[in-house]
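Worksheet: one structure, shown below.
In this document, chain identifiers A, B, C and D correspond to the written order of the chains, with residue numbering beginning at 1 in each.
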Amino acid sequence: MNHIENKSRIDPELRDEMAKQNIFITSLDFIYNWGRRSSVWPMQFGLACCAIEMIAAAAARYDIARFGAELFRASPRQADLMIVAGTVTKKMTPNVVRLYNQMAEPKYVLAMGACAISGGPFIDGYNVLRGIDRFIPVDVYVPGCPPRPEALLYGLMELQKKIDSQTFTKAEWYQKGLKREFPVPELGPNGLIPKFNPEIWQPREQDARKTRYGQTVLTGKKQKAPRLEPVAVPPPPAA
Amino acid sequence: MSETILNEPQTLEINFGPQHPSTHGVFRMRAVLDGETIRGLKLVIGYLHRNHEQIAENLTYPGVFAYTDRLDYLNSMQNNFGYALAAEKLAGITVPERAEYIRVIMAELARIVNHLLLVGFLLNDLGAFFTPCLYAVRERERILDIFEDVSGSRMMCNYFRFGGVKNDLTENQLGEIRKVVSRLPAFLDEFEALLSKNEILCMRCQNVGGLPKDLAVNAGITGPMLRASGINYDIRKTDRYSIYDRFDFKVPLGQKGDVYDRYYVRILEMRESVKIVEQAIAGIPRGEFLNAKTLPLLRNPRLFKPAAGEAYGRIESPKGELGYYLVSDGTPQPWRYHVRAPSLINLTVLEEMCVGQKIADAIVILGSIDIVLGETDR
Amino acid sequence: MDTQISEVKTQLETGLPDVKLRTIGNSILLENPEDLVRAAFFLKEAPAFRLDYLSSITAADYLDYLESVYHLYSMEKKTGPIVLRVRVKREAPRVPSLVPVYRSADLQEREAYDTFGIVYEGHPDLRRLFLWEGFEGYPLRKDYRQEDTDVLEIADIEWLEKHGVNVPEKFKTQARELAAAGKRALSEKPAQPRN
Amino acid sequence: MTRPQIAKEKNPVFGTGILQGMWVTMKNFIDSYFKKADQGGIFTIQYPEELCRISENSRNFPFLVYDAAPDSPRCTACGICERECPTKCIHVEMAKDTAGKPLRKPAVFEIDYGLCMNCGMCEDVCPFDSIFMDRVYEIAGRDRTKDMLIGKDALLKPNAYFQKIRPKDAADIDARRKAAEAKKAAAARPATPPDAGGTAS
């Protein structure tokens, strides 16, 4: 994998020279991240159509096992990565956030598909959450509806690059008083209470879609209902 | 089975939560258990209620095609087919010959894809960890290549238009379909050799989750589940929509209506679909693939403003009767748009079938009903 | 199709004389919803029709009344759809439930109740099917107003503070203004349909 | 439909079904090493090194086409694609010159890839053949607004690229545009016969 750069402070020529004599100089970070990057266990968590594309990615043709991620753990306790694959509805949001809280550190979130990123085709629904990044921090966004299995694999490689860039000296999951438990929203009379978690997500300052079409794109108030019976058709004389 | 006295303290209510490996997506069952046997089962759905009907009422008629793919996302071509029929009945659009043949080819390929995945997931529920599913997904990938070649996207095809299909089937695409379909009977024999006579499958599925005939009809069950109970009702034969009356294919019927029958009916239906596709490829005529009158609709969807009226178009989707009820009021947006989802109606008898069975059987029964949450919750 | 409807109409009038009905398009409108169950039983047992399969129940909102449409088929005789319609007022929509006649009406009536608020009397357990119990309002009615999910309201702010989330100042001021104006954060609807 | 009867008492050797199944898996296991990919052999695509064959009219995300230079795209900012997009993920603003007279060019043209549903409606309804569906799928990002909101300059691609990915459609469209230009030039020429050069480039 050529995209993995070894950031140890030894100058590269010396290291390559010694590598020829089978002496490998590396940093503890590289080993630590190599281990974590090559065995990211996703959680078995499929919501909608993207889950079928995730299964296709896990099947024989686009093999996710080549990235070490083929073991879909059923329980959140043993999973490192939550692939949010599908539409997150308001009724499902408390479950998704509770599952995220139950995952063990270090944990990552990959928002797969337009629905998990921003509500996607169903953004105007009254029961659809406009993107899972309103309640839990998302590490990698994979757009598409559904994204091709290779796009998911590319997203997984992007996540591996992010894992590589972390060093365990400054890793936040070893700090004392780590607070990565996000409050689980409740189901209120019109939708979720709260509508989003301001610590993680703030609405965009200038949102072109909202200014032009309003928060929900609706065609407008139709004043006249259709009359299905033929209007003013003389009743046929013979009954 | 001796009648055990139901004394209350024994029962325990557990929850097959919205996130559970056995529920196909975000489906939730609350089961009341007496030891291992199930005494009561309530289903809680709505976790994927994505407001398909409200959004469709704000789109133009052709704009809704892209959303029908996401109803039953295992086979998007059949959903397009149903919606196209309903709108064509509403506006009185005729479909040229070649387009009808292309539609039947694509619909039957989608039926094969759906039944392949159903059998794969049913075996996953039985505990055969992913092996049959890998065989099924391997064949599915070949058919998805055809869908991508023809319509542009693997799963969300958005291929049908009012009065025909979006683009034509070239010669080598037809050859590609012929090659894939000619391999399918051999694969189905291998798949049956792997599964049908397997003792574990037979013991786990036979006489489990039986569905009597009269309950099936009264509960509005349609599709392979109904035919597994022995009732000969296939909308391709009764309504003879599109050009299904030109192809001769048999409708497999089950005897006992249990999980094994539902599995076996779907295997035989795949064989019938292969026959239909072969006959359709042999008989496809030349000609236009889209009705000339509806060409301007491609460029400007707001021209489709049918007069005030209502129409109900229904097809035989792999899960049952998929119906679209459209009420138009003369504006480019439908006034009322309702989808009769077979996955939802087939769930009405889940409790009757599961009461008295073990927990492991309840998961297999749910798997044999073949629900897809995008269609159940709409 | 039309011949079948007029034939059904005549059979219904002869079978149940006191039922007032009228044909709309190729469907039959029962004037008062009470005799829906009797009509359904009659059509189910009548040897000429044997409509033993209720395919779909659809509720629709026509601004001054709500409508419940039933598509009935016969699996025995494999005959086409007979469409029954029932109209009820918007304020107290009450329709007798068809669950005693057709078991398939169970989930569909719950869906119609959930999205349109039509109460089906006699339904074994009429609860919301898709949305949760605490949800107010019937979302698919034409006058339903959706919430604006980008604006926090007072209830959200209190909940957040109770759960230890520090809320930036601008959301609090926005919520206070909304509460002062007594309005709820609703997604406004364009006045005229733009077609 | 005759159902294979596997009841325990009728079948002397109980395990035959399972053994038959194992024989099938064994055969597949051996085949996978000797057979070619589509006959039953290994057909896994080694993703980063080996890319999957993408068909000609595969569609993923929209992109804009320009003929001569990026600052003269075919798009005239008419906004029809924005109006017909089911999810309204396109945002177009027409450019105005200093005097405020609208130029027929987009000043702002951004598509929210995180919202786009790959349906191809914009390509169908565009009257100026300027927006088409690309097939690039490697667009995973870490920041939602920076990586998903694609601006005009990232969307614009030369017509040569469009001819490379969709030769047949590109050829038809180019032919149609050339014919339209020739007709426009012919119409313009009789009006001003002296400068025979004509505007048709």
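Quick note on the criterion: a contact is a pair of C-beta atoms (placed from the backbone, for glycine too) under 8 Å apart; a residue touches a chain by one contact, two chains touch by 3 or more.
These numbers were taken from a predicted model, which means no experiment stands behind them.
The chain with its CA mean position farthest from that of chain C is D. Separating the centre of chain C from that of chain D, both taken as means of CA atoms, is a distance of 40 Å. Measuring from the averaged C-alpha position of chain B to that of chain D gives a distance of 28 Å.
A straight line joining the Cα centres of chain A and chain C is 35 Å long.
The distance from the centre of chain A to the centre of chain D, each centre being the mean of the chain's C-alpha atoms, comes to 23 Å.
Across the assembly, chain A contributes 60-61, 91, 121, 126-127, 145, 148, 213, 217-219, 222, 224-226, 228 as residues in contact with two or more other chains. Chain D has residues 43, 86, 117-119 in contact with two or more other chains. Multi-chain contact residues of chain B (touching two or more other chains) are listed as 46, 49, 51, 54-55, 66-67, 138, 156, 309-310, 327, 331, 333, 335. Contact between chains, using the touch rule, shows up for A-B, A-C, A-D, B-C, B-D. Contact residues of chain C toward chain A in the complex are 24-25, 62-64, 130-132, 134-137, 139, 142, 144, 146-153, 155-157, 159-160, 163-168, 171, 184, 187-195. Chain C makes touch with chain B in their complex at residues 25, 27, 52-56, 58, 60-61, 69, 71, 75, 78, 80-81, 83, 102-104, 106-108, 111, 115, 128-132, 139-140, 193, 195. Considering their complex, residues 43-48, 51-52, 60-61, 86-89, 91, 110, 112-119, 137-142, 144-145, 147-148 of chain D touch chain A.
Listing the residues of chain B that touch chain D in their complex gives 55, 59-60, 62-63, 66-67, 131, 135, 138, 142, 145, 148-149, 151-153, 156, 158, 167, 190, 193-203, 206, 252-255, 260-261, 264-265, 268, 298-301.
Across the complex, chain A meets chain B through its residues 44-49, 51-53, 55-56, 59-61, 74, 86-87, 89, 91-92, 95, 99, 115, 121-122, 124-128, 145-146, 148, 217-219, 222, 224-228.
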